[in-house]
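Each chain carries a letter (A, B, C and D) given by its place in the written order, and its residues are counted from 1.
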Amino acid sequence: VTQRLEAFSDGVFAIAITLLVLELKVPRGAGDGLGHALARQWPSYASYAVSFLVIGIIWVNHHAIFDHVDRIDRTLLFLNLALLGSVSVIPFPTALLAEYLREGGRASHVAAAVYAASMTAMGLGFGGIWLYATRHGFVALSPEQIRMVTRRFLLGNPFYALSIGLAFVSAYAVLAIAAVLALYYAVETGGGMRHRRRE
Amino acid sequence: VTQRLEAFSDGVFAIAITLLVLELKVPRGAGDGLGHALARQWPSYASYAVSFLVIGIIWVNHHAIFDHVDRIDRTLLFLNLALLGSVSVIPFPTALLAEYLREGGRASHVAAAVYAASMTAMGLGFGGIWLYATRHGFVALSPEQIRMVTRRFLLGNPFYALSIGLAFVSAYAVLAIAAVLALYYAVETGGGMRHRRRE
Amino acid sequence: VTQRLEAFSDGVFAIAITLLVLELKVPRGAGDGLGHALARQWPSYASYAVSFLVIGIIWVNHHAIFDHVDRIDRTLLFLNLALLGSVSVIPFPTALLAEYLREGGRASHVAAAVYAASMTAMGLGFGGIWLYATRHGFVALSPEQIRMVTRRFLLGNPFYALSIGLAFVSAYAVLAIAAVLALYYAVETGGGMRHRRRE
Amino acid sequence: VTQRLEAFSDGVFAIAITLLVLELKVPRGAGDGLGHALARQWPSYASYAVSFLVIGIIWVNHHAIFDHVDRIDRTLLFLNLALLGSVSVIPFPTALLAEYLREGGRASHVAAAVYAASMTAMGLGFGGIWLYATRHGFVALSPEQIRMVTRRFLLGNPFYALSIGLAFVSAYAVLAIAAVLALYYAVETGGGMRHRRRE
């Protein structure tokens, strides 16, 4: 049922995750200082790595959800489109944070707040799909399993939201929170969700 | 029958929708004025959001059509290619409108007219597929259902076409019309078209 | 058998055809002269249109071939990779031709020759797949059908090759030949190849 | 079982391989010297060709592995994500090497070392998937076949690693080693791995 939705979503995930590389800029005319010029770009690599991880993990979890979704409707298609919108925009805040992270001061805080807001939007988009799908009985799991997974999926949202405010204290903290949440979602297998073999 | 056509189309939709993000430019050297520099870019975000919505909704409707198409021929492949051409070009008028919307005067009108023309081309491409497919009996729906969906699919075209002229009155109006039509197509479920479960 | 090969190929076709749009540049600071600035860019639109058509038609024909291919081996995978290489590079000669077409003189001839060489490479890549697949009995068509399709598929190659030389006479002629060949392949249905319904 | 993993992976491979073309820059304002300007860019073409070949061959081998994988788990998904990360980053070291290869001296050595490190990461990512999948019995091959394929898959790794050091002797050597290893993997069919027909 969800085959074409998944294919389109996979396409957007795959493209967004691969477009991130365009934010890594080759230093021009660095001459013998190329090593240093590359090292100075570390915020680009850090932002790249965190955003890659975030998109990758969303993809894995999207995968996990739709393995259990037996029905879709038009609303779910649009909720999914909203999630894809929040995912496909990620290269922009990533580049913004990479550009201003080292600058410190106000600019780095603004850039980090935009990045945090983008993560929050993505978390809300993901949570929205899950809540809509479970409340309308589209998800073939027991109520107990759904409760467990819901707790887990919604856990990240307050942290993302808090990190918007935290951005004005420390831009680095925003990147760290995004990385930690991504790793948490990577490791925590969600109990109720076993990988379902497609027949 | 339409599996590979859909896969290729999904690919083009997914890429075009994700490439839109490349038009969002990181302000360089904004320093403490980063917040303002980002705010001044609002036409980029508005154009991005509208174009994202437009491509997303075309995708949903493309999906809906080809769920009901039982046969394809070479002509339909090329009509589909024409639609994909009009879709994959959208990042260009989007960037154009983002660049000139705030400038006002003649430049903003020209940019908006190009944007409107691009929407019109897409509307015609979409309508062309639908008319060709229904007239050749490729669509497994009753005549009554087809009539209802046809009315709905062709409804946007005169508005898109009118917005080319309207562009010379107000560039903002073009963006507003595109947004309203996209939302209309998002909400209006087309009556005759139920989501068909793939067996 | 060829499912994943087709999926990967469709991905490359879809991306290459969509990346072409990045060569369409928004004129900066054109002010009231935006209409003229856009009009002056017509070589970009012409190159875009021809390359879009070329890639689109290759996709349709690739589709047509692999509908009839019952077996693949490692060599065919690499021949296909060579074709994909020649396709995915097309945005570069397209941008080159767009940049130098109007300049006239030596630069326009060199740019057109590179474009023609790129078309030739693609034609050879396509012909190579077809000849290899038919000679090794991978194609489920009668000898008569294969002969007809072979004639047709190889027909473009001498024209592409000749257009490399012709580039030094007229850059416009190269673009015209590529467009005419694409339209020929679009219209000419190849007789022996009927669209085969996938079961 | 591995259908969506393969689709997502194919997407990332296809996009990364196609994004490489963005590193080929059109020389601006070259006038009559366009031929020379294009010729001077040969390191771009060489890096493009080698990286295209490398990604293409990884794709073929990824294909070959997952034809034999009967089961996946969350760890394998993340190992695959790590591989995709190392693949999707390749356009960056490719552009870096293209920019600095001809410059000689320290900058070319640093650029080549980064390129070699990126190849090494990819080799490790690929080897990691294979080792994990075989040790957990996810691969439907005999122990003898697995031993043969393992030897072959791991063979490249010491060479990639050595080429990091070699980069400081000769940047060209790094490109040559990557090309030779890619061709080796292209030609060497791996004995134990026959192309398995999907039912």
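Everything below uses one rule, namely that contacts are C-beta pairs under 8 Å (C-beta built on N, C-alpha and C of every residue); 3 or more make two chains touch, one makes a residue touch a chain.
On a predicted model such as this, the values are computed, not experimentally measured, just so you know.
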Label of the chain whose CA centroid is most distant from the centroid of chain C: A
Same or different residue numbers at the chain A/chain B copy interface, by half rule: different
Centre-to-centre distance between chain C and chain A (centres being mean Cα positions), rounded to whole Å: 36
Gap in Å, rounded to a whole number, between the CA centres of chain C and chain B: 26
Contacts with 2+ other chains: residues of chain B: 7, 11, 14-15, 19, 22
In the complex with chain D, residue positions of chain C that touch it: 1, 3-4, 7-8, 11-12, 14-16, 19, 22, 72-74, 77-78, 81, 84-85, 88-92, 95-96, 99-100, 103, 105-107, 110-111, 114
Residues of chain C that touch chain B when the two form their complex: 6-7, 10-11, 13-15, 17-22, 24, 26, 28, 30-32, 34-35, 38, 48-49, 52, 56, 59-60, 63, 186, 189, 195, 197-198
